[in-house]
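Note sheet for the following structure.
All chains are identified by letter, namely A, B, C and D, in their written order; residue positions are counted from 1 within each chain.
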Amino acid sequence: MTHNAPQTSIIGRSRQEMARRLAQDIANGSYVNLGIGIPELVARFVPEGRTLIYHTENGLLGMGPSPNPGHGDPELINAGKRHVTANPGAAFFHHADSFAMIRGGHIDLCVLGAMQVSKDGDLANWSTGAPDAIPAVGGAMDLVAGVKSVFVITQHCTKGGEPKLVESCTYPLTGRGVIDRIYTDLAVIDITADGFQLVELSPGVDFEYVQERTGADLLPIANT
Amino acid sequence: MIDKQVSSAAEAVRDVFDGAVVMVGGFGEAGSPIELIHALIDQGAKDLTVVSNNTGSGEVGLAALLKAERVSKIICSFPRTANSTVFPDLYRSGKTELELVPQGTLAERIRAGGAGIPGFYTPAAVGTPLADGKECREFDGQEYLLERGLKADFALIKGQIADTHGNIIYNKTARNFGPPMAMAAKVAIVQANQVVSPGQIDPEIVVTPGIFVQRVIEIADPAFESELVAAGVSYP
Amino acid sequence: MTHNAPQTSIIGRSRQEMARRLAQDIANGSYVNLGIGIPELVARFVPEGRTLIYHTENGLLGMGPSPNPGHGDPELINAGKRHVTANPGAAFFHHADSFAMIRGGHIDLCVLGAMQVSKDGDLANWSTGAPDAIPAVGGAMDLVAGVKSVFVITQHCTKGGEPKLVESCTYPLTGRGVIDRIYTDLAVIDITADGFQLVELSPGVDFEYVQERTGADLLPIANT
Amino acid sequence: MIDKQVSSAAEAVRDVFDGAVVMVGGFGEAGSPIELIHALIDQGAKDLTVVSNNTGSGEVGLAALLKAERVSKIICSFPRTANSTVFPDLYRSGKTELELVPQGTLAERIRAGGAGIPGFYTPAAVGTPLADGKECREFDGQEYLLERGLKADFALIKGQIADTHGNIIYNKTARNFGPPMAMAAKVAIVQANQVVSPGQIDPEIVVTPGIFVQRVIEIADPAFESELVAAGVSYP
């Protein structure tokens, strides 16, 4: 626990830079579902020459960017209930078909926010378990259970400085052993059979700094 | 001669009974059948079990039905909205029971109900609190939960164009839960912006075949939740 | 057993008359699936003023009559693989949706032929169980399990004079306890908790004649 | 830039491997992807498990693939046709194994495979010989069989119009098994009478969204089984 650690926003990647970094790792032609919040930023940073096809679980494949102000259609929205557009080659479908895409492993990648990720790849991102909270899960459990690769994009620590990458999640789980890779302001980290495996440090960040802010052992990059 | 068109929203919901299971289409405001919901509020049926992805916004549509305390239980994936305290208040006071279901499981349970499938296995929610009390079973080395099909007495659905045989096409992402809910309900009631004669919808582009729809009603210029909320409307 | 009984075609209803009789019992607006053979004839005899909507399990609701010779489309066929047409108000859909209509209880009535029907409503109509036969079931098991009412239309006896209405089926079953009513050349018979209940005799046929050709007790029409 | 179009049927089926599970669309000749099947015969893969509603007619298309002894097992609802002795001969000689599945169960098993559902319960075939060896379970006082989802390595499908993203629309009752099979196969290959650019198919009328389709090939003037059989054609 690093309760008195400095705010992680001081050094490391900004939200935009995190999104840009993640976007580098998505192959051309991928079918991608982006969660609400930081994950949505990823679409802005897709490298030139790559085309991704965005799925939104409320029934659209080939989702395009937000419409110009005043041109939104209240019946053309994304999972965050914001106005979007449909690209050429798009398709509309109903909810059962949409989640057949998700559950059936047809979506290549989904990018989600996280409250906690454990070294075993467990994700908690839907509930603090607080007794007075209104529980709401949406499609997160279906996404993590069904999509081929699941990336988390998140600040490395909470606003209070608590690590979000933990030995074992204390919040209610969204899924067990479902996360493949984590992109934070400080690092890119894979989930492996041995736990958190550092893949890449953010510019100006060193291993010790990240390990201090991580709630479980971080495996350093092997010298090759 | 087959004609499923009724002349008013009141007529469309006339026989919803106390204790009925009512599916309500829509994802957020897209596809929310506001006029039918308001007619149901006027009609007065209570102790309803509502199946819907959300709980409405402001104090109109589904939120208004909840606020009128007609819903004793809601089966739902995301009962939170930024701009409504109706459901949170009811939930905290214990007046409305919540069965929280992952969104894809909800959609599939509804389709299964409509397709005569009483149960199916899904990987969603394995190892989470939403698996509590559910049968967990392994297939090919992976764990799955048994989920039950969901049926309803009525479904309230918003379409774009209906014909008098009950064939429906939808508008963009307003399609969402409409097609599976039409399948799962004994009486599926569809409000459409336009009701046309049989033959005016190309049989290749029908989304919900008429066999799944019992009543259609033309609501030429339906309201949107966001507009009503912005205008400060509270129903009734 | 009535091995030496006269051929049932000598008296009683013809195939057309059987179909006409059955058609009287279908309510206006019903969704109906007609099997191949005698069941198909039913569509020709629907009483004036009633509209039925025909479902064919290969993906069409609102099936119309055969096209004029030379106007058939090889991609617009019925379950018997014959050219058909689509009526105004028709819809095309895929096989999984088509059987969702069947299994989900959305079809009001299906009419099938039979090899045997038992007094408990068991149906055998897909296989003789002969070891060299090529087994082929098609959609019959789904239809009898899912459709709201299942009527059988059949000759009362086989060509060899064996009763088709039996105590217990000797052929492999299509479904157990699935038949509601049977229309034969000799009679209309309901399946009840007590077994075969005579509903109506064909013109010129008496109770004894039908009972002799039925492989289980036939309950006479109650005197009221 | 995404372009799923390939330039020949041979290219489309190039990597079908010995022992692959191959779903083949069509109900009778409607929707039968004859050109893709013929390309598969030319390609030579053997020991295939084929999932298809029928077994073809004459000695063309699926019947020709069977006759070439490339299929060690067929999963099928109605393997009988009036005008072909190919499958009966193979079956009686024990060269091709048959898994007989009720048609609706077959369609739903394929959809389930595509939708990530490993098993579901159906009332079809309860109490019949096709229930042998299957789990039977009661829900709400009625008996059901557990049926397993079906997946495939490849699917061969016939559509009417495809775009280069793989969105497909079909022609009338040729739609039949195409949409669920596209969902269930790792590599769904669609021959279409016309291949168009993205945007040329209205997103509201897409039947199979491109995510389910890996390759499309334009076969502008496809053959029909009945015509080939009438002309006495035997492939190859």
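Observations on the structure shown:
Here is the rule we use: a contact is a pair of C-beta atoms (placed from the backbone, for glycine too) under 8 Å apart; a residue touches a chain by one contact, two chains touch by 3 or more.
Bear in mind the structure is a predicted one, so any value in this text is a computation, not a measurement.
Set against one another, A-D and A-B show the most C-beta pairs in contact at A-B. For the pair subunit B and subunit D, the distance between C-alpha centroids works out to 34 Å.
If each chain is reduced to the centroid of its CA atoms, subunit A and subunit D end up 36 Å from each other.
Subunit B has its Cα centroid 29 Å from the Cα centroid of subunit A.
The centroid of the Cα atoms in subunit A and the matching centroid in subunit C are 56 Å apart.
Contacts with at least two other chains are made by residues 60, 86, 92-93, 96, 99-100, 102-103, 146 of subunit A. Among the residues of subunit B, those touching two or more other chains are numbered 108, 111, 115-117, 122-123, 170, 172, 204. Of all possible chain pairs, the ones that touch are A-B, A-D, B-C, B-D, C-D. If you check the complex, the residues on subunit A that touch subunit D are 28-29, 31, 49, 51, 53, 55, 60-62, 86-93, 96-97, 99-107, 146. Residue ranges of subunit B in contact with subunit A, taken from their complex: 27-31, 53, 77-80, 87-88, 91-92, 98, 100-105, 107-108, 110-111, 122-130, 170-180, 207, 224, 226. Within the complex, the subunit D residues that touch subunit A are 1-2, 111, 113-117, 163-165, 167, 183, 197-199, 203-204, 206, 209-212. The touching residues of subunit B, counted against subunit D in their complex, run 108, 112, 115-123, 137, 139-140, 142, 144, 148, 169-170, 172, 204-205.
Interface of subunit C with subunit D (complex): residues 56-60, 73-77, 81, 86, 92-96, 98-100, 102-103, 122, 127, 132, 134-142, 145-146, 172-177.
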